[in-house]
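By written order: A, B, C, D and E. Residues from 1 in each chain.
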Amino acid sequence: MTTYAFAAVLFTLGIAGMALLPNLLRKLLAMNVMQVAVIVFFVSLAFKDGATVPILGQGGDPQAAEFMNPLPHTLMLTAIVVSVSTTGLALGLLVRIRSRFETLNERQLLDKLR
Amino acid sequence: MAEGHLISIGLLAAMVVSAACALAVKDLLTAAALFGAFSFLTATWFALLGAVDVAFTEACVGGALTTILFVSTAFRTSRRFD
Amino acid sequence: MGAPRHGGTRMRWLLGAAAFPALFLGLVLGMAELPEFGDPGSPASTHVSPRFIEDAAAETGAANMVTAVLADYRGYDTLGETAVIFAAGLGCLVILAAAGGRPNPPAPGMSHPFGSVILDTATRILVPVVLLFAVYVLIHGHISPGGGFQGGVLFGSGLIMMRLVWGPAHEGGTHRPDVTAFGPSLRGSLILACAGILGYAGIGLAAMAFGGEFLNYGTLPLGSDPAHVRELATLGIEAAVFLTVAGTVGVLFDTISIGMRESGVPLGSDRGPRE
Amino acid sequence: MTEIVSLRPLLAVGAGLAVVLPILLSGRRPALREGWTFLAGAVQLGAALSMLPAALAGAAHVSPALPLLPGMPLQFRADPLGLLFLTLSSILWLATSSYSVGYLRSLGLKHQTGYFAAFAAAVAAAAGVALAANLLTFLIAYEVLTLATWPLVVHKRTSGVLGSGRSYLAYTLIAGQLLLGAVVWAGTLAPGAQFTPGGFLAGAASDGVLRVLFVLLLVGVGSKAAVFPLHGWLPAAMVAPTPVSALLHAVAVVKAGAFGVLRLTGWVFGPDLMHDLGLSLPLALLAAGTILMASLRALGEDHFKRRLAYSTISQLSYIVLGGAIGTPLALAGAAFHIVAHGFLKITLFFCAGSVYAATGREHISQLGGLGRAMPFTFAAFGVGALGMAGVPLLPGFISKWNLALGALDDHQVWVVAVLVLSGLLNLAYYLPILRVAVFEPGDRRDVGEPSAWLVAPPVFAALAAIVLGLNPDAGARFWSLAESAAQSVAAHAPEFLTGGLP
Amino acid sequence: MRDVLPGLLVALPLVGAALVPLLAALFRRTTRAAALALHAAIFAAALGLFWSAAVAGPIRYAVGGWPGPWGIELWFDGLSTLIAVLVAGMACFASFAQTFGPDPDRTAPGSTPLREGLLRGALLLLVGGLLGIVATRDVFNLFVFLEISSLAAYTLVASGGGRSTVAAFRYLLAGTAAGSLYLFGVGFLYALTGTLNMDDLAARLPSVEADAALTVAVVLIAVGLSIKAALFPLHGWLPDTYVYTPTPAAGFIAAVMAKVSAYALLRLLGEVLAGTDAGAVVLEIMIWLGVAGVVAGGVLAVAQRAVTRMLAWSSISAMGMILIGVGMGSALAITGALFHMAAHALAKGCLFFGAGGIRALEDGDEVDRWAGLGSRAPWTLAALTVAGLSMIGIPPTAGFFSKYYLLSASITAGGPAGIAAFAAIILSSLLATVYFLRVLEAAWFRAPAEAERASSAAPAGPVLPRPLALPVVGLALLIVLTGIFARPFERHVLPDWETGTARIAAEAP
């Protein structure tokens, strides 16, 4: 349960950072923390006591209890790629915003936007 | 697995601390460095939990690539958060 | 998110002070009732995943169960994943590079090579190793940890290392020796990324051409033993993903850090807004 | 009521719609454009008359049901009441179209193509309202009518006109939305919501729900029928050119509202349910109040067309009154009054239009001496005014007489008093107009009868009114239609009705 | 036919998204024809699926040959094929409109063949993402395609340059937060049931006793998808995004983007999580949020001076109405919600193409920019009028019938929520009347502003360039046709929905 709690802490930290930090780049960092939190949660679901890494050794008949659950790992590979893609696109946007408006502070940007 | 459990809690605590610092600090390069640390700590924790594929991906995709992009954005914009 | 007027920062912190602890409490309360951490009898460990563990090797020929699930059982997910990273590459191109009109601001540090001797020789030794390791990670994707994504990123980071140390491939002014010419231009990276997606979807459509469902490798005529056929197809999938990821990492780095433009010439020495 | 499935109802409704596009396309050739309008009018009248014998024999032409919503098809039925309104509006459409040709030409107004297209759409919508077989079709035709008449009301496009156009829309569209809500509600209470003589909501829900539903439906149709609190838009809509006012008052819009009230009281709730719920008396009182209030307001009005507008508000409430009382005679009187008021009011409006076209004067005080200059126009005006007051030998008398008898059947003596009083008030505000026009001196040097297009329609309407006054069953047998409509409602409420037909 | 089309529907957009930029990069010529051909093929596939689902019943398609909870399944019943047809159809119009270049912000980047190819690729990617969401039967796969469509949408929004990049960034933040919330919810569901397949989930969920965890899962999923569907009070990102997006993309995004998320919400909360009592409570709350959204959207739309911003707020009101339909859950309500999705998509797409084009050519977004346009381009303005009337809900347009379904659903539902919904829908029609007729009155009956008329003879010539005028007129025709021929809509969507929920109930152990 404590492992899940850490995921919740990171998630709340991330979402709070996104909403409250004034600078867009720091919001992006907070967004990454939030996405990593979800990945931590899924990986902690996959853990089995007394199980090893989900890669088959020298053959033999694999038993379900001996290996970790591979499904969350697969899902989290996708989640990591999604988080990197969003961050990449967001950074591209920020470079463009910075060059156009000379600031990355949300409050000043909103004034310029109206 | 009691002692493994202890290390995992320790790593998780370190992750939370580094994430909090990354968000709190004012200078972009320091934030990027702290975020890199956070990613690599997460990768180690994944490896600890047996998620080797995820650890590998998190290390190079999340840790290296994202940090490089953040640092290069620092050069494109300005080091201080305004 | 929808930030109210700037006068509302006090209100925003107030809102935050109330909402986020509530979110955290809700999550923790919910988590209390989830199956215990590491419990082998939890629904997640007993319902769907046992088949992946026990039959992955027999059905798909992949020792690494994660790659088996990634490329075969849930291959459609991975196609979506590749499309996601392709979308990021496309986005950065549209926003930063392929724009006529006003050029982006000059990039101070990144677009000029460092050019110190130590870095130069270190890169000469390291880059080939990194690229080779990337290809190794791709080939052994279904046996050891790794696969298309990790290989692609490693290959991309090799390119980045060269860009960092020797400057962009098409140095406007003086041309460094052919070494700097290595590595795709912006247009080349885009073509690489497109090729990856087309390869992946092509394999899927080929499966349909031979009568199976989309991405059902069993029907492909690559040999008699079905597990072996699927193993080969997985390799094909991983290679396609490798191309897309490598291309996109190239695009991301070039557009964001160097500010390379559509014409492949770095911004610093850009000749006028639009040729 | 046996039903004959045929395409004639669709033909009657479709004639107007089908002609809208050709009118829009033949903008450059006015003659062809008018030709389309008259063709549609003729087709509509022909279809109406062809369905007449069947309706009188107790059978109704029904169009095949176009399934639109679960259990609520788009369907038209030519029952006696519907046919009465359809025939009236097609005859008056022909008259108003010919009048419009003269009026628009003489004043040289712009956007004539849009005018005639909207006119055709409005009359087609009115036909849809007349022949609607269920509440959904009624609602659809009702909304299309609102939209079709909006461009006509704001025809002059000046900012003042746009303002009154907005108020017209505000009233009618808000009422339309409430009607939408009410129709949906009724549709769920009684699936199909078909108009059935004697009402289909008896026992469909608790009394409280039915009362709220009745109020919603009444507001929906009442706003178009200009019942007291909702009449504000009608005087404001006088900014429209006169033929449009004629359309609004006599041919389509307000008539659709009054017709809707009759449908509501006779074919949705039915007289006996109205009495059980105790709704008849308040509605009757509301109608009576409107009659008297509007007549008093008309007395004080010097603007010619606005006085006619207030007279319309009061005259329409006769129909609402008849619907409220619910006895067969009262219903027949109310139904016939639709026709009577149609012919009489259109005469008055044509005269007002001719005066404006010939002299540009809009106020009654300026009419001095025109009586002799425009003899035919003011003769027709005289016939119209007397008819309105309910003088015998004119159609107004027949409807008021039957209304009074119907009220007595239901022992409502006070209604008779209201009718008499309003008759006197009519005289009080119409005769001064004649007196000013005929006896008061005024410069009438270069004033003469306007073109034939502008004189013929009022004279024709006046003559038709006189013929109708003498023999109500002349021509399109309006009286027998009204009587059989009332009869069909009465047949379903035997225990309530005591008096028989004369 | 039935086993080829599903694969094609999901594969073609992704192949197109890679092919079109490739052609642009290699041959540096315009890729208009290729993109249009691809969109037409996708539309044909969607139509074929709609036809075969209607005739021969729903199609279950196991991608990769692995059935049931192990592999990922696609599910095509009347519901999902209808939305697929809507998305693919609107995409054809958007692709045609993409040849229209000018962007609202003068500093927007100029167009080069490569950029045009990339933008067409982004549109194809967006369509692929949306079709993926509509077709999938797997909750995690839904997340992946949600992200694909979002990323493509951010690109299209940001392609306007200048202010649209800021709007795109705020949209990105909201969208990613929504995605992560949804993924967290999926994590909870996976922990409780061990499966990701919707049918399997629906079967196993009722037997789960962990109520608190289930409630958290339902709330996380509901909040996540509500942000994506811009449902009140989580709609913050929508107005700026719709206003600053370049016209061709704005028409498509405004028309279908939020609706597909609402469809996902309907699928998950209405069908999969309907068995749980937490799901029922959330649905009840959603009715009240819908009512609030309908009223707030309407009132704020009236308060706007700029036409496109007014349209954005009216979208929020319409999404509120769809939420009411989803919340009520009765078969009639769901049909009403779906019909309103279709009607609103067509009308909003048409209006955005029109308003965006007028904003670009008349160089201004206020209502009086529309003065006197009726005389200059009667047919284009007639089409926009039809779309406006459909938004108000005047018969015979489709908007009237969808409102009719929703009204009768809220009356039959009864209770305080039903009455509130009934009143809200009536009020929203009134508000729509005010803000739409204000524009139409200016267009038809008000002469152009004096200054303009004095400076130049009323600038003749079409109000909209051809790549925008054609979609506008085409969509208007579709609005009227959908209105009149509502029967197929009811005959196909309704039974599938009932059998769907009934089948899941039957499968429960």
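The definition used in the following text is that a residue touches a chain if its C-beta (ideal position, glycine included) is under 8 Å from a C-beta of that chain, and two chains touch if they have at least 3 such contacts.
Computed from a prediction, not measured in an experiment: that's the story for all the values here.
Taking the definition of touch as given, a chain qualifies here only if it contacts chain A and chain E alike; those chains are C. Among the chains present, the centre nearest to the common Cα mean is that of E.
In this assembly, the chain whose C-alpha centre lies farthest from chain E is D.
Of all chains, D has its CA centroid at the greatest distance from the CA centroid of chain A.
More C-beta pairs in contact connect the chains of C-E than those of the other pair, out of C-E and B-C. Measuring from the averaged C-alpha position of chain A to that of chain D gives a distance of 70 Å. Taking the mean of the C-alpha atoms as each chain's centre, chain B and chain C sit 18 Å apart. Chain B and chain D have centres, each the mean of its CA atoms, that are 79 Å apart. Computed centre separation for the pair chain D/chain E is 44 angstrom, with centres defined by C-alpha atoms. Under the contact definition stated at the top, the residues of chain B that touch 2 or more other chains are 1, 52-53, 57, 61, 65, 69, 73, 76. Across the assembly, chain A contributes residues 2-3, 9, 11, 14-15, 18, 44-47, 49-51, 53-55, 71-73, 75, 77-78, 81-82, 84-86, 88-89, 91, 93-96, 98 that each touch 2 or more other chains.
Chain contacts: chain E has residues 107, 140, 144, 147, 151, 154-155, 158, 161, 165, 173, 177, 184, 190-191, 196 touching two or more partner chains. By the definition given earlier, chain contacts exist for A-B, A-C, A-E, B-C, C-E, D-E.
Interface of chain D with chain E (complex): residues 67-70, 136, 139-140, 143-144, 147, 151, 154, 157, 162, 165-166, 169, 173-174, 177-178, 180-181, 184-185, 187-188.
On chain C, the positions that touch chain B within their shared complex are 38, 64, 66-67, 105, 107-110, 145-147, 149-150, 153-154, 156-157, 160, 249, 252-253, 256-257, 259. Touching chain A in their complex are the following residues of chain B: 1, 8-9, 12-13, 15-16, 19-20, 22-23, 28, 31, 35, 38-39, 42, 45-46, 49-54, 57-58, 61-62, 65-66, 69-70, 73, 76-78, 81-82. Residues 11, 14-15, 18, 24, 27, 31, 34-35, 37-38, 41-42, 45, 71-72, 75, 78-79, 82, 85-86, 89-90, 93-94, 96-97, 100-101, 109, 113 of chain A touch chain E in their complex.
Residues of chain E that touch chain D in their complex: 332, 389, 392-396, 400-401, 403-405, 407-408, 411-412, 422, 426, 429-430, 433, 437, 441, 444-447, 484, 486-487, 490.
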